[in-house]
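Below are two complexes that have chain A in common, paired first with chain B and then with chain C.
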Partner chain A sequence: MNYEISLLTTMAIAVTFALSLNLITGFCGQISLGHATFQGVGAYAAAMLGQAGWPFLATLPVSMILAGLLGAIVGLASLRVRADFLAITTMGVGFLFVGIVRQQDALGGELGISSIPDHGLGRVGFMVLALIVCAAVAALSVYIKRSWMGRVFNGIAEDEDTMRVLGIDVPRYKLAAFAMGTALAGLSGAFYAYHLNFIGAESFGFVESITVLSMVVFGGIGSVPGVIIAAALLSVLPAWFQVIGDYKLLVYGGLLFLMMRFSPGGMTGLVNRFARPKTSAQGNQS
Partner chain B sequence: MSKPLDGATLLKVDHVTVRFGGLTAVDDVSFEVHEGDLLGLIGPNGAGKTTMMRSIIGVVQPTEGSVSLDGESLNGLPVHKRIQRGMSLSQQLVKPLRDISIAENVAMAAASDKTISPLRALLNVSTDKELAIAQNELARVGIASMAAQSPGIQPLGVLKRLELARALALKPRLLLLDEPLAGLNSQEAHALATTIAEINKQGLTIVLIEHNLGEVMRICHRLVVLDNGKKIGDGDPRTVMTDPIVRAAYLGGDTVSAAVVHSDMENQHA
Partner chain C sequence: MLAFELVAQGLIQGSIYALVALGLTLVYGLLRILHVAHAALFTLGGYVGVLVCNASGSLALGLIIAAMVAGLGGVIMFRLAYQPLLRQPPYVALIASIGLFIASEEAFRIIFGAQGMSFTNPALQQQVAILGGLQFKLAELLVMLSTAVIIGVLAWLQARTRVGIACQATVSDPQMAESFGISLRRVRDINFFVGSALAGFAGVWVALLNNLVEPTMGSVPSYKALAIIVLGGLGSVPGTLAAALLLGVIESFGTIYLGALLDRNAIAFAFLIAVLMVRPQGLFARR
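Showing the complex of A and B:
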């Protein structure tokens, strides 16, 4: 039973994390190659506050705020420039994060932070809370998609220049997506730290950023149910198949390439294509 | 025939120069657009018309000079701020959002009060009001029946009208049209030009870039002529077109006089 509880918790955290990137990449069309950094910021914040005696629940808002703040700073520095600049900047920030954390003894250095105190919710309680947070983030995603914010995000993902001519403050919307997405990544990081009781810089490196990006792409960029299913599946695969754990970058990198090449709409796109054969991308009026 | 220019100055282009590296695309151009005007901005290919339009809307910042709307300088303002101040641009290359319907495309423009900040956009879900405005604007340009369709499958004539409806849905004080007739056949061009003239009669100030000289002569109150980035003519269309400098520079004398006589001249691109 313990194994299933742990598995479900892992899934819930991974889905929350993937949905947070989906806000940025899926909804708003901004590619981030360093999303794990923001999960890392949340994880380290929660772990260190926990060691300092803070209760688990109190660490959550701080993790979110710190990750979101760093996100806003990175966003401000890169979102006003060309579209692909963000991908490069976030990748750089990712390497910077790992590099700095490994050198700082205060942050655990190479050894990471172990003996993170217990959350005091019990295994089931922690799992339920992780699932609730995951569901709330999913609900928020669905709501955003239906709101005018979601419509604007969609427009920006398709054609920034046109949105500008429609009077949209494009950089501000991108920044909003980035700040929200990174804050929620920080939240998932806090759960991650308390779930594993141990974190190290390597847990939030480039491989993890690619992994979460491939979850979003695999599920179907922008599709909330697609991303949930993809993240749930891909997060437990390494636990079931040792091979995948050993060749993570190869598997996820390959997946990313195959999806972009053959089905840019991800699994959601594939399902739609088979469910509605012969209907063009435009869809049918009726 | 042409309306007297008694309106107040709405747009003022003051000694604008735009340089790209060594190339001077717009060279010290000044003109004014008055309230209620329908001004044709014309000139041969490469004369700097589109660059002029882009420096008005803010895609390009002028190297020298200034652009002001209603007495307030627009210098340094990004595109979206200028749009929010009451300008809108119908682009030469029609770029609808292809994932959403024609009506939703127009509604996106109509929602400008809800999308002015991300927070306000997040708190608003309803599209009823915007879709109603969209339906209105689509009727105004004559494609109300296509509202529910996807823009991806439409002919250029419909897309040009969609672009115009979207620009109108922003409720501008000044409408900038960049070659709205390009690519249309003479019948479609005639119909759309008539629509543009009607919209102007309803009180909207319009600046029109257009190569279709026949339609320009038919609907514009005033012309500004550019050649090699310089202004070479400004005033009543017929007077401007009989000016020897304009006739020499723009298309060659014969073509111009022919266009003045036969205002149903074929589109230059056809």
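Showing the complex of A and C:
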């Protein structure tokens, strides 16, 4: 039973994390190759505060605020640079984070931070809380997608210049997307730290950023149910199949490539293509 | 004296970066794709170089065969992976490329083993003193020299030959070039071949300098080469060259003076981010 509880918790954290990236990359169309950085900021904040004696629940808002602040700063960068340049900049932020954390003894350096105190909720309590947070983030995503803000995000993703012409304050909405997405990533990071009781700089490196991006892409960029299913599947597959565990990166990389090559819309795109062949055919013509 | 030595070390590293980044720039200029998987061909070159060199005992043969194999690999990669994605939005090709790169790193690990391979009898390790009393490995000097020669020859080919001019025309206006009878497909193949061959060539040199090839030896050059072509102003060949050498020198100074604060990769990317915030179009772009 413990194993299943741990697995479900892992899944909930991964889904929260993937949904947070979906806000930025899926809704608002800003490619981020350094999203694990913000999970890392949240995780380190929670771990350090936890060691300083803070209760687990009190570390959550701080993790969110710190990650969100850094996210807003990176969001400022997205106002300066676009598309390919932004992808490389966010990748740079990721390497910078790992590089800085590794060299600071105060942050555990190469060894990372172990002996993070217990959250005091019990295994089941922690899992339930993680699931509640995950469901809340999913609900928030759906709400945002349907709101005025979600439509603006979509417009920015489709054609930023037209949105500017329409009088939309594009920078404000981009910053909002970055701040929200990264704050939620920080939240997932706090859970991550308390779940594993250990964090290191490498836990939030480029590979993790790519992993979470592959979850979003695999599910279908922008689709909330697609991303939830993809993140849930991809986060537990390595644990279920030891073979996949050993070849985790090969499978991830291969899936990412094949998905982009044959169905750039992800699983959502596949489902739509088979479920509604006629409408999609018409869509192609128009 | 230290400063002079650091500059020299930086230029050696910068030459390697230049060889890898040039291929990326060629691809970006032509197709507007950030070709992350380029570094897989760099690693492939390293492996082929070591295998051929150990089997035949000739480094020159290893370099040539590695460049050819990597070049062919590049063309195959283009045909299978990128050509069908040209009509998609750019992030599709970028993500596909990252997937391809990660998968090929793992494939190298599975095929050649995780520990890596080395030369049984590494060539060109003798120390050479040049003016000012600096000591270099012969291999280090040859890296710089061969990079300079190759880039010079390529620049000449591009400016003076029919094929080179066709490439330039395709970069500036593909439609127009095509209507003047230039085969886009052929130009793209040639660009991928040349760029990937350079990466394979660089892979052998790096394998020789470290006397080691590992499955992950491509990851750092890969991401750093992306930083370099962005710094150079995406698609600009002279800009890329300058950025590669500059970054090599900055890193060698940075590891000495900022090493306690940041590691080597972080220095490169800190520099990249700082530059992009001031000049979003890159250091050497003319726009």
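The definition used in the following text is that the second predicted complex is superposed on the first by the 271 of 286 C-alpha atoms of A that agree within 3 Å, B and C clash if a C-alpha of one lies under 4 Å from a C-alpha of the other, contacts with A are read in each partner's own complex, and residues count from 1 in each chain.
Criterion: a contact is a pair of C-beta atoms (placed from the backbone, for glycine too) under 8 Å apart; a residue touches a chain by one contact, two chains touch by 3 or more.
Here the structure is a predicted model, which means the values were calculated and not measured.
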Have a look at where A:M127 lands relative to chain B and chain C in the superposition and call it first, second, both or neither. neither
Touch count on chain A, higher of chain B and chain C: C
I'd like to know which partner A:S147 touches here: chain B for first, chain C for second, both or neither. first
After lining up the shared chain so the two structures overlap, which partner does A:A36 touch, if you call chain B first and chain C second: first, second, both or neither? neither
Between chain B (first) and chain C (second), which does A:P264 come into contact with in this model arrangement: first, second, both, or neither? second
Just checking: does A:E158 make contact with chain B only, chain C only, both, or neither of them? Give me first, second, both or neither. first
In the superposed arrangement, does A:L96 touch chain B (first), chain C (second), both or neither? second
Of chain B, residues touching chain A in the complex: 57, 78-80, 83-84, 88-89, 91, 95-100, 104, 108-109, 111-112, 114-125, 148-150, 152-153, 166, 170
Complex contact set, residues of chain C against chain A: 32, 34, 81, 84-85, 88-96, 98-107, 110, 219, 223, 226-227, 230, 234, 259-270, 272-273, 276-277, 280
Interface with chain B, chain A side, in the complex: residues 143-144, 146-149, 151-152, 154-155, 158-159, 161-162, 164-170, 172-173, 176, 281-283, 285
Would you mind writing out the residues of chain A in touch with chain C in their complex? 31, 33, 77, 80-81, 83-85, 87-89, 91-93, 95-96, 98-100, 102-103, 206-207, 210, 213-214, 217, 247, 249-250, 252-261, 264
